[in-house]
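Chain naming follows the written order as A, B, C, D and E, and within any one chain the residues start at number 1.
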Amino acid sequence: MEGPLLEVRGLQTSFFTDEGEIPAVDGVDFSIYEGEVLGIVGESGCGKSVTSLSIMGLLPKGIGKVVGGEIWFKGENLVEASERRMKQIRGNEIAMIFQEPMTSLNPLFTIGNQLVEAIRLHTKIGKKEARARAVEMLKLVGLPRAEQTLDEYPHQLSGGMRQRVMIAIAMACQPALLIADEPTTALDVTIQAQILALMKELNRTFGTAIMMITHDLGVVAEICDRVIVMYAGQIVEEGSVQAIFRRPQHPYTVGLIRSIPDIRGKKERLYSIPGQVPKPGTIRCGCRFAERCEYAFDRCRQEEPQLYEVGEQGHRTRCFLVLEKGGGVDERAVARSERA
Amino acid sequence: MAELARTPATPPTAIREEKTGSLWGEAWQRFRKNKIALVGAGIVLFFIVIALLAPWLAPYDYKEQQLAERLQPPSGEHWFGTDDFGRDIFSRVIYGARISLWVGFFSVLGSIVVGSLLGIIAGYYGRWIDGIISRLFDIMLAFPSILLAIGIVAVLGPSLQNALIAIAVINVPNFGRLIRSRVLSIKQEEYIMAAKAIGMSDWRILFHHILPNSLAPIIVQGTLAIATAIIEAAALGFLGLGAQPPNPEWGKMLSDAKDFLTQAPWTMIFPGLAIMLTVLGFNLMGDGLRDALDPRMKS
Amino acid sequence: MLPYTVKRVLMIIPVLFGMSLVVFFMIRAIPGNPAQVILGQKATKEAVAALTHKLGLDEPWYVQYVKYIGGLLRGDLGESIRTGAPIAEEIWPYLAATIELSLVAMIIAVIIGVNAGIISAWFQNSWFDYIAMVLALLGVSMPIFWLGLMEQWLFSIQLDWLPTSGREDVRNPIEPITHLYLIDTLLSGNTEQFWQAIQHLVLPSVALATIPMAIIARMTRSSMLEVMKSDYIRTARAKGLSMFWVVYKHSLKNAIIPVLTVIGLQTGLLLGGAILTETIFSWPGIGRYIYDAIGYRDYPVIQSGILIIAAIFIFINLIVDLLYAAIDPRIKYN
Amino acid sequence: MSEPLLEAKGLKKYFPITGGIFGKQIGTVKAVDDVTFTVYRGETLGIVGESGCGKSTTGRMLLRLIEPTDGSITFEGYEVTALSKAELRRLRRDMQMIFQDPFASLNPRHTVERILEEPLIVHGIGSKEERKQRVREMLEVVGLGSYHAKRYPHQFSGGQRQRIGIARALMTNPKLIIADEPVSALDVSIQAQVLNLLEDLQKQFSLTYIFIAHDLGVVRHISDRVGVMYLGRMVELADSESLYEAPKHPYTKALLSSVPIPDPDHKAERQLLSGDLPSPANPPQGCAFHTRCSACMNICRERRPELKEVANGHYVACHLYE
Amino acid sequence: GCGKSKESAGSGSDKPSAQDTLVYGRGGDSVSLDPATVTDGESLKVTKNIFDTLLDYNDNDTSVKPALATEWTISEDGLTYTFKLRQGVKFHDGTDFNAEAVVFNFERWANGNADTFPYYGSMFGGYKNDESHVIKEVKALDDYTVQFVLKRPQAPFLKNIAMPPFAIASPTAVEKYGDKFGEHPVGTGPFVFKEWKRNERIVLEKNKDYWEEGYPKLNQVIFVSIPDNSARLNALLKGEIDIMEDLNPTDLKQVEGNKEFQIFKRPSMNVAYVGLTATRGPLKNKLVRQALNYAVDKQAIIDAFYAGQAEPAKNPMPPSIPGYNDAIQDYPFDLEKAKQLLAEAGYPNGFEIELWAMPVPRPYMPDGQKIAEAIQANFAKIGVKAKIVSYEWATYLDKLAKGEADAFLLGWTGDNGDADNFLYALLDKDSIGSNNYTYFSNDELHNILVEAQTISDENKRNELYKQAQEIIKEEAPWIPLVHSTPLLAGKANIQGFHPHPTGSDKFTKVEFK
């Protein structure tokens, strides 16, 4: 494999509000390789969206700011790129789709208008040609009445169709990277299945790398190659899908996986992680998960763990347990939690 | 119960302890941080103090005529000069604060009381009652409000009290509509559904849930309405339909002074500035309150 | 759309009808007999009684009301008690004067207000933003009659740049065609008079524009800020659109919708609420006309005048509603 | 099986679509269209379905928070639809509700204590002291501290708020709790906490639940029996084991196969449904599902299938099983 | 225009004799331009220039001089008046002025009623079939001789004939326009009606065939309405108008100090007063009324609100009118005396009353509100707490006529310079319900006033009026305030403008130098 398409190093993003600085993302580093689907999971507020917005340079003006780290994309540090350069990159090389298909399209312009705008922005083609391309794109994302749809307004489409349009807009210039921030959360399962299938197909046919943000582990298992688990602004575990689901090392990942009710059979009792996600900036020292962790020992409360390599290549976890016996959360521990 | 027991009795410090808990308390915290709003509140407070302490602050009797000292320019003796009766404008402006605040406050109070009543009835009962009340509001809003006020004063006779009534009347539909829409939207809130689900009666829902939750917009709108009411009172005073002499109502002072615009501009400038400043104070404060109380600002 | 429009127009009728009732009774509740007013202080009792009878004011109120409404239904606005002239003919010059003044004021207010609002929102928390918003706040806090007098004092009396009052130079009166003097002077090709008409318009229209301008600026700003936070703006930026396009294409159209309401409402208010400005600048407008009519107890003029203003007010708001539909495809009237 | 606690027969709710100035009715949304089911004492009946299929409407009708257009509801032998307002309020002591949105279902201006106390006040239960006592107890029961009583809802996290909502529902010792998507707004880890709590409470207070959700995993986990709704109709109703393991209705099958499984090795064949959910204002003729059904027959377009028992306790509304 | 300098704005002084249009700024518009049908001054101001009367007033008072009638004779018994008419005069529509036209006009009025021709009825005792109608007949003896035969003598008959409402209109035009004659006035006057834009302006043009040789001087007269006194002054200062009426006395200094302008003073024929409604509360008591008379500092009011342009009034009529009783001593400003009288009347601590203030400016009372404030302050000094009340003008008059006011401000401008037009009209018991707003009713006074109406001997009449004034002074139904000198301001180069006491001016001789 060549070098990564996108490499994030020590990204720190903060919000500056009345209540002071809120470090929403605190030292995140990861890479995405060409053609790969990377999943980012974590509970609400752990900094998934902020990470993606930092990459796009779309943090809310005046409040949100990248305060540290680098974002390397095709040999260029996006943190330092000019707004002009960012405009060229956005939509053209990195595209993004959002959670809310209902509100992510401008209600006052037709689908065609918004799609053609995206196409013409980065290519020098004429109106007619752009329109033809727009039709093509809509067909690509599986909208049956592509021609008519161009002249319709967002409110005339269902949620699933709108999300397809969003994908069409994002794919208009065949970006190298597509960031999808919870693209299916607002949709029904049957529609979600359609959209996921579509994204998988786009990934396969165009080799577009996808950064898939979600909190649904099912979705991760479904389409991702590699997974990053985030907690309170940090990455707590990273690894291939197989590794994460089969050999989770961080107690948080374990808890997360074990707390999902499965449709394949009734668990006696769900595992549950006690407490809740801390607000960013409220933890002063030690491991951020220590307060909710049942394995926590003194060191966890005093010292901040690093991301440690475990087992196979690329599997890293932020937990002192792996140092203890080199094995992290072992099966016995899991069993113990099950019995409780 | 094992699971329950394991849930820590003291939750992690995820929630920062806050000094004041209620939304009002939080709104106050937000308001306190808003410098511009504080300036507004300061101005309002300033005029309230002036109004309350007028007899002690005013160097002269506001109605004491010194015909020999007419139209004196501002001086050490008369800070704002004298008017065409030789009365001390400074003292009159100070006493004028009483009148303007009085009219502003009570007319708005009147509009709120009547408007709320109509708005609640319309919003809560709906159907034809709503139809009638809403049409009534439409009618009143379609009236050019200043003409309506003039008409009301013409019927009742010009006096401060009647000007107050007229201003209250013309503002009723604004509050009525506000309350009505609040009632309608709060009626849709899930906690109202929840209240119904526990078997709460309609009236209890109205008084324990809907009204308290309508209070914030009423306060915001009320503060801003006081600002408008003060200007409206001044306008009526200016047309000779408000306060009667020798009451030093600011609008009336302006209309008395307009004949001396060229000879004695100070007679015109100070009451005008007083109106502007007071109104500005209420506007700033109202804006600040809106920011502080606006539910969209809630986390 | 058409059926909707028709329905909305029909809806105006009950409101106007209700208004006619309110006006009718209110003005009759005002003490004072029109006949006495017209004949003046020196008239004899007999004269007053005779005129009262002639005007039909000694009839029971319901007869008077039915007659009035009957007239209205036949399109007859009645005759002025004072001048005896048909109101339909008499009212237009006043209405035109007010329309001209209000429109010019509104154009000033919209152009300056909307742009100030946009720039303020764009450069939120910049010095421009602060100054513009402080000015806007001062604008809504200022009694306009005071502003008008101050303008007059400064620009007309002290600096002698502009005429103090009126619509035209009495020595060089404008020949009315439509009674909208800007148009009339253009029609007659008299550029000197056109210029003169503009000069007369400046002070009153600026005074009248102040409040709507301030309100529009504030509204535009907050609406823009709101819209700029929305998801679809984020989408637009994610496409790589520049801020300028985002603001002028995607934000403005969305942000203008609530501003339109304000514009509609304010235009309506100006039409009826320009009395103070008209008084100060001796502008022969409808507000003044009705105000004077109240003084003369000219019942038909007050009744019809207010109904006309209200009708225009409602009509403007109807247009605003229709504009919404034109701008916002989500709104479908049927 | 134990005795029925609640029976709903032929429940219907048609919302009028009004239009124009005069509020004329120009159509109807058939939010719930002829739904029949029984809830037995002590069980949990799950109701699943896609957004807008009428789950919430059904739940609300049971409490008569929405007046049914048609149908009957019997609760402990009383005909709920025939109760007077006062009787209805009385009934609401025994039937309670938990709402989806923990943010919106608590009055932001009331303290937790007041929120919890309110059901007791409304029903005139206990003295002031007793009520306060019960509030403290109940807070402990749902895993909050009694020191939380003086706080306001916005000072709690989503999971905690949902606990408050649950506590409120429990205040009057109800027999039946209708939970309308009580965990949809919560993160998985918090969701697990709340689900566990609900299960514990059921045991502790012998509660009966109607559990509405669109997450099939959650429903399977908590329910004894499950009903699947589609476009205002109940298309399948069975105990959860047989429904999940041997679904009969083509819609249920498609729905189950759409759920992503959190297991990278699980490679199930997908049955992707084509198209979107039709509008309940204009549902298809015959079987409402026929427009998206892969096994659609002619009869499906014409006649609406009845919900019939095709195996022991397994009800399906599909022509395939006739 | 923009940037126009002050000097050139001042007047047309760059091209001196070129200006021949006079713009006359006034407070209100006319009601109708048919003078016989109106009672308001604003209408008569205009018609005075379109129409002529048989006789006209002299420049400074109300003594009569020839106009359309060149000479007249009165019979011994005072019942027959014979007028010789001016020959060769034409109406503006080209028709001839002659005796027939005069008869036509008087017939028209006499056949009317109080509604159509109000002034006729009040000046000539009624209409054709009324018992009290003074004029028995009007006949044309020949083309240029008209004879009036009266039923009984009427002392002010000639003065009445000279009043502007009794101007001679073109019979042809009257018949042609009917009801609309008021919008198409045709007379013989110095100016011809051209245009009327309601509430804005009335334009009159020079009558080239005017009978007065060499006149009028002006080519055009434009009456414009600017309701606000200050606005009108501004318009004058900016050269938008040439003459303004009703200069605020407070602005006098400003205009006097400006060389480009001059002040015109209209000889006073008015009275401003505080009416003390004799039927209400403490005011029923004569002593109270006298006390209040003592309490008002008239000179201070004159200095403050009339800029000194008024004289204190002691009688209900101005000194210029024959019959004025100068021997009467006014109540001096004496608070002690006032208090003493109050105590005597049983109000040692004063009382509360309403003091009604006129809402509109009138020449005799430029600012009712302010004068009321001053009087309020005066009253306060003797313990009388006056609450100032004001209604709109219409309501004000209406309520006054119903006797609802305690003390009120009002005034009167004489119509024809006759004492009867003041004393009888304002204070006789017959006038209660119309212009006697004080409801003052005194039989002795009534007898005197009625007798005076029928006597044609000037001296005898004057004696009676002097007696009447003594009664009024003693009974004190009013506090007579002032006889004001209404002020007008105009450009310095205006000549030949002499404001007339009646308030209506002919611009025949006005010109710009």
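General remarks:
Assume contacts are C-beta pairs under 8 Å (C-beta built on N, C-alpha and C of every residue); 3 or more make two chains touch, one makes a residue touch a chain.
Here is each chain with its UniProt name: A = Peptide ABC transporter ATP-binding protein; B, C = Peptide ABC transporter permease; D = ABC transporter ATP-binding protein.
The structure displayed is predicted, hence computed values, not measured ones.
With steps allowed only between chains in touch, the distance from subunit D over to subunit E comes to 2.
When chain centres are defined as mean Cα coordinates, E lies farthest from subunit D. Distance from the subunit B centre to the subunit D centre is 47 Å, each centre being the mean of its Cα atoms. In this assembly, the C-alpha centroid of subunit B lies 25 Å from the C-alpha centroid of subunit C.
For the pair subunit C and subunit E, the distance between C-alpha centroids works out to 39 Å. Multi-chain contact residues of subunit E (touching two or more other chains) are listed as 391-392, 395. Each of residues 3, 7, 11, 14-15, 154, 258, 261-262 in subunit B touches at least two other chains.
Chain contacts: subunit D has residues 157, 160, 193, 196 touching two or more partner chains. Within the complex, the subunit C residues that touch subunit E are 30-34, 36-47, 49-51, 53-54, 82-85, 90, 93-94, 152, 156-157, 160-166, 169-171, 173, 195-196, 199, 279-282, 284, 289, 292, 294-297. Of all residues in subunit A, those touching subunit D in their complex are 43-44, 158, 160-161, 188-194, 196-197, 215-222, 241-242, 245-246, 255-257, 259-264, 266-267, 269-274, 276-277. Looking at the complex, you find that subunit C touches subunit A at residues 124-125, 229-242, 250, 253-254, 327-330. Taken in their complex, subunit B has these residues touching subunit D: 1, 3-4, 7, 9-11, 14-15, 18, 21-24, 26, 189-191, 193-201, 204, 208-209, 212-213, 295, 298-299.
Listed in rising order, the residues of subunit B touching subunit E in the complex are 63, 65, 67, 70, 84-85, 154, 157-159, 240, 244-246, 256, 258-263.
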